[in-house]
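Structures are listed in the sections that come next.
Both complexes shown next keep chain A, but they swap its partner, so chain B is in the first and chain C is in the second.
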Partner chain A sequence: MDRTLRRALTIGGLASAANVHVSLVGMVITFQTRDFIADVITLGSVMPLLIAMVAGWLAGRPDKATAGTPSAATVIVGGALAGAVAGAVLAGLAFLIGVVDLQSVLVNASSRLVEALQFGQGATIGTLLLVGGSAAVGAMGAALHVLPSLLARAVTIGLSTTLGFTLMEPFISAVLRNLSLDVVERLIFAGGGLTPLGFVLVFLVSAGIAYAWGRRGHVARERVAAMPEDRQRTMKLIAFALIGVLLLALPQIVGQRLSEVLTTVGIYVLLGLGLNIVVGFAGLLDLGYVAFYAVGAYVTAILTSPVSPLFNPQLSFWAALPFVIVAAAFIGLMVGTPVLRLRGDYLAIVTLGFGEIARIIFLSEWAKPIAGGAQGILSVPPPLPFSRDPQIIYYPILFFCVLAALGAVSLASSRVGRAWNAMREDESVAEATGVSTVKYKLLAFGLGAAFGCLSGALFAAKIGTIFPNSFDILVSINALSLIILGGMGNIFGVVLGAFVLVGLPELLREFSEFRLLLYGAVLVAMMILRPEGLLPSRSRRAELHERADDDEEIYDADAGVDTGRPVVTT
Partner chain B sequence: MRFRRTRLNLVTLFLWLLGGSIIAVSIVGSILTIATGRYSIDAWESFLVAGIALGSVYALIAMGYTLVYGILFMINFAHGEVFMWGTFTAYFAATGLSDAGMMDANPVLAMILVLATAMLVSMVIAVLLERIAYRPLRGAPRLVPLITAIGASLFLQYTARGFYGSGVRAYPESNLFAGSFALGPLAMTVKQAIVIGAAIAMMVALYLFIERTRTGRAMRAVAEDKDVAAMMGIDVNRIIVITFAIGGLLAGAAGILYVQIFNQVHFFMGFLPGIKAFTAAVLGGIGNVIGAAVGGFILGILEQVGPNLILTGFNIPAPNQLKDVIAFTVLVLVLIFRPNGIFGRKEDS
Partner chain C sequence: MTDEASDAILSARNVTMRFGGLVANRDVNFEIPRNAIVSLIGPNGAGKTTFFNQLTGMLQPTSGDIVFDGESIIGLAPNQIVQLGISRTFQNIRLFGNMTVLANVMVGRHVRLKASWWGSLLKLPSVRAEEDATRQRARELLDLVGLRREYEEEWASNLPYGDQRRLELARALASDPKLLLLDEPTAGMNPGETARLTALIKRLRDELNLTVLLIEHDMKVVMGISERITVLDYGEKLAEGLPEEIRANPRVIEAYLGKQATTA
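The block that comes next holds the complex of A and B.
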């Protein structure tokens, strides 16, 4: 009991830190404007409860160190305790804000925050609600361990779906209206949050589906596995054809605004595929990937825009493409050659330097006669015959994404891909077995640059106006985060990463302010919990886990060997 | 007579050509600039002093990089954010003291309080960073902690933005540092003198700490070989925490010196000084304390003198816009031709 208690308190403490963080960073206030269930609870107030629930779940996790399973009551009480601690600290914060003026330092410590934390019920009732509510959801979180696992999963999925539905409300209702399903829309949404009935419906339906799939899903999977090989292949082909048709029809289904988001996602998919070649396949951590993107965009803009300064041949987008590719090869070599002999972390910083150099030069007075300085270049034409309408320009972007994905897949399984694999795992061994590391590194940079420049070209054509400030380090970080979240080295991982990290923040305007905060958290959390990403490539996962198993010591005994052991010498 | 066969490698040739042409351009540019006589001797002197002042700040931040690298072989990419957090938090202490009139009534005490705030906050952030983000990853493949560090850097940056707001804030001036004086032939402001003096004093203190104290000796032992150090009864984890703490303390102090020069704080202020300080550390030979100090001064001077000296001669408009290009180019050149930095040991390559 003592151990359980201590664990609950520790987790409660961590959860209260998380609670205080999301409150002071402004997330609670930002989400205060949206309802979770209309007229019942706002999204902002849900946030601390959600954290308390996770805390309860964590506190209730089976403890490896103690033998035997604790009783259900112990688990639930532990969860409730963790939740209560988290809630109490937050209630303390709300009280403190009410007494002392913190706002001159912490901009979000306002009366609106207090109101959100106290559910708009005033100090006494609000505090009781916060602490009691947190304890209750903490207990619920812990209770998930007590329920049969299938049911627990169904409940979790049901709750996440309701949350997803509220967050995505504007878009889900837009899609529903687009498909003339107004009845469903009015049933679920109250024009700002779910209706209470909608909440129950969404929860029951999604939890029901999850439960049914959990019970029956393996039967379907086994049936497919039992099929003869040629039928399996046919089914795969049908699945791919269905995905293809869906991709082609997507802009028409989702409408104007969502198509805009899709085009942005597409551009990042392309960027991610390119960076994936450099980082995921060849293992060269490039933090200046934005340089390629910027060069692609600027070459396109200069060659196609009628108002580009100094030099404006006014080519069409398609006529400019070969030049973009040539520029890509050139810039790939320019960046790639100097860094050939650098070790991983030096390479990262130097490429970061290249990225900054590119931006500073495009921004400078010096390059103004060509690149337009801070004013950028205006009226870049769209890739005719496609117009700039997101529902239309989606198609060329999709085309290039599919092309790039096919290219990347075939590269990965080719001789080149294997050479990259070897190089990533151990450069000296690869060199010794006859892999020309110079050649393959330059090839990786060249191909990465080609993808990046292509993405930049499409960006310029899509957006129509380019400014040097669109090409800062954050583009590189975005691209890096999405391949890490998705799973380095895996094409589907890149697509998933782009949807989650680029698509979701575009959809949730409230999120956009916290996008980079979340990226940071995602990068750290992924590296600690699941370094291979959500959809890892098989070899990558094996690599990361084999290493982890090898090194059971606290620190890496080999570190000195492969770094050349610089020491503090004075 | 036997000829030694050297294979003329295309890559090597390209690199030498690149390096040679950059150096040639710099020399031609400098000669052209001096020939135009646009700047007087006084102007050059003021560029130089400003460069030394900036360089001493870079050097202080670079200590954090170099100490951590010496022990963990990882680039603490978030060190710039450690610097920013201390400075930004101390801003509130400074405005508070300034509003209370203490900045005028007792400027020395006020300054010490502000400095202590910055150093303390930076230290706490650095130690938390190590505990939460880096410790679970010891022994992971090299890219993993680097990516974590990038993530931590973003997280800290945008947490500061959320907590303290996204605006640029003006740091309160202290009239303690007004005025200027001449040190031999060099004219400098009191502020610059204090920045340089304080930075050098702290670096000397660090040097003595590493060389003369028991803990310093333990740090050197851990840097040399963690396993053997552990066998000798040194608590490796404790030494690593101390290293991060020292790096944080110095970064906080550097932040207060930095705002004496630039007078403003915002959540993104850690990024460039962080990268520059890393460049300085590499320039001097990462892992080497004296090297990092020298690297910092070189980089600061290059940044202040370089654009005017090299670029003015080519009639490039607004050369100071390109000062970061010069810093990064130096980084690339150093890594190509002396990957172990100026003071790095040869056999390390």
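The block that comes next holds the complex of A and C.
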């Protein structure tokens, strides 16, 4: 009991630190403008509760050090305590802001923050609400360990879905309206958040689906597995056809503004697929991937723009493409050759340098006659006959993404992919087994460069104007983060990662200020909870193989070893 | 003796390897007759693995020449040497742990495959056919070394120790080697496993027409399997000959057991 108490207090303390942090950096206030449940609670006020819930969940986790399982009551009380501590410290902060003027030092310690923290109910009731509410959700978080795991999972998924629905309200309402489902839209959304009824509905439906799938999902999977092979293939084809139709119809469904987001995601998917060849397949940690992206964009701009300085052949986008690929191969070899003998950390540092060199060259006076210096290059034409309208340019981007994904898939399962994997696992043994590491490193850099340059070319054509500062280190970091998040080595992981890391922030304008903070938090959480990424490449095996429990075991044994490694130590 | 030398699949001439002031191998002259099973023995630190690493191109000798099948392999990269027909296993098993058992063997076949990167990218029919044949061949090799079929989709790192040794052997065999180098193949095995592996090595030699060079510490294995034995000590060749000659050689006994053993 003593241990449980100490743990609850520690976690409560950590959660308070997190609470105070998000309050003082201004996240709570920013989200104050949006409702979670209309007229009941704002997103800003939900934030401390969410943290309290996570604290409760953490406090309720089974303790490895103590033998036996604690009683349900102990677990729940522990969670409530952790939540209460988190809430109490925050209530203290709100009180402090009311008494002392902190705003001269901490700009966000304002009366609006106090209002958000006290749920707009005044000091006494607000404090009670905050502490009591935090304790309650903390208890709920801890109770997830007490509930049967299926139910706990369903509840978690239900709550996450409601939160997701609120955050993506602009997106979902736009889609509903485009599909003329205004009735549904009015039913579940109001004032930028869910209606109380909407909250209940969304929660029940998503939790219900999760529960049903958890109970009966394996039956469905087994039934599919038991089917004859040609039936399975037909079903796969039908599934792919459905996805294809959906992808083609997507711009019409989501409308103008969200198509813009989709095109950005597409460009990052392409970038991620390329970097995935270099990092995920071949295990070469490249932190300067932006160099390829920049070269692709600049070569396209120089060759196609009528106002590119000095040299402007004014080719069409498609005519410029072969030159872009040649430039990509060239730059890939140029970057690859000097780093052939470098491994791991050293390689990462050197490539990081290459990325910066590319940007600085394009910015320099020296390259100004060709690249236009800081003014960049204007009037890059779109890839005619496709116009720059996001709902139109979406299609060429989709085309190249599909092409790149197919290419990556066939490479992964080929002699080339095996050689890369062997090299990633152990370079000297790969060589002693007959793999020419020189050849395959250069090939990885060359192909990765080709994908990156293609992505850059599409970026230039989409945006129409390019500046050296569009090509800073953040592009490399984004591309790398999305493949880490999605699951190193897996194509679907790359797509999912691009949606989460590039798409979501575009949808949630409120996030933009805190983008990097959230990136950091998400990546740290991923490294702890799921180092192999959301959709690790191992899952492919689970599809090929139907021995469910065996796979589970293999999967666990490898978690953290495989994908964690190229990032952290190679 | 002379006819054997003329039919050597590999001969090392005056091979010397220096690491700074340390001489790991000094003027080693060494020949492996075709189709023989030859053992390289010696106390720890005698330079056996260093010598192995020079044969496989992982180290380049400071001086001397190594001729394999009539061709000098000095200056060749390890993968080129595999291409010529030498393959090896490692003292401490070094598999590609996060690849499947089958994929490990298929990587071993890499040098015998022709698929180019663009052929693989486009999945040309010839590439598919080659992949199928490779998978087939890899399965045959798994059968040959006695790895169970149901392991083939397992991660290599999940195999039991003895099976990992077998897998490494299958991977080495996948490149159709003429000369197979085994670095302490029975290390860490119990007597039963050791006996089975010894029998396997003999069978492989006969069925695949191999020449085998092994480093081994287990004297029972060495005496039981070898047709010739070479002894290294402090980087130099101490003795060479048939197993019974080596067993009786006082200098070898001295190197292994100390001076008292011979005088006593």
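As a working rule, the second predicted complex is superposed on the first by the 531 of 570 C-alpha atoms of A that agree within 3 Å, B and C clash if a C-alpha of one lies under 4 Å from a C-alpha of the other, contacts with A are read in each partner's own complex, and residues count from 1 in each chain.
Following the convention adopted for this analysis, a residue touches a chain if its C-beta (ideal position, glycine included) is under 8 Å from a C-beta of that chain, and two chains touch if they have at least 3 such contacts.
Model, not experiment: these values are computed from the prediction.
Participant: First (chain B), second (chain C), both or neither: which does A:Leu447 touch?
Facilitator: In the superposition, A:Leu447 contacts chain C only.
Participant: Go through the superposed model and pick first if A:Ile357 touches only chain B, second if only chain C, both, or neither.
Facilitator: first
Participant: Now for A:Tyr346: first (chain B), second (chain C), both, or neither, which partner does it touch?
Facilitator: In the superposed model, A:Tyr346 contacts chain B only, not chain C.
Participant: Does the superposition put A:Ser436 against chain B (first), chain C (second), both, or neither?
Facilitator: second
Participant: On the A-aligned overlay, A:Ile528 touches which partner chain: chain B = first, chain C = second, or both, or neither?
Facilitator: first
Participant: With the two structures laid over each other on chain A, which partner does A:Leu310 touch: chain B (first), chain C (second), both, or neither?
Facilitator: In the superposed model, A:Leu310 contacts neither chain B nor chain C.
Participant: As a test of reading the superposition: which chain, chain B or chain C, is in touch with more residues of chain A?
Facilitator: B
Participant: Where on chain A do the contacts from chain B and from chain C line up?
Facilitator: The answer is residues 438, 544, 554, 557, 562 of chain A.
Participant: So in the complex, the part of chain A that touches chain C is made up of which residues?
Facilitator: Chain A residues touching chain C: 407, 410-411, 414-419, 421-422, 425-426, 428-438, 443, 447, 541, 544-545, 554, 557-558, 561-562.
Participant: Spell out the part of chain B that touches chain A in their complex, as residue ranges.
Facilitator: So the residues of chain B touching chain A come out as 11, 14-15, 18, 66-67, 69-75, 92, 132-133, 136-148, 150-159, 161-165, 207, 210-211, 219-220, 223-227, 236-237, 271, 275, 278-279, 282, 285-290, 316-318, 321-322, 324-325, 328-329, 331-332, 335-336, 339-340, 344-345, 348-349.
Participant: Which bits of chain C are touching chain A when the two form their complex?
Facilitator: These residues of chain C touch chain A: 56-58, 77-79, 82-83, 87-88, 90, 94, 96-100, 103, 106-108, 110-111, 113, 115, 117, 120-123, 127, 130-131, 134, 153-155, 157-158, 171, 175.
Participant: Show which residues of chain A lie in contact with chain B when the two form their complex.
Facilitator: The contact residues of chain A facing chain B are 21, 24-27, 104-108, 283, 285, 287, 337-338, 340-342, 344-346, 348-350, 352-354, 356-357, 360-361, 363-366, 368, 438, 473, 477, 480-481, 484, 514, 516-517, 519-524, 526-528, 531, 543-544, 547-548, 551, 553-557, 559-560, 562-570.
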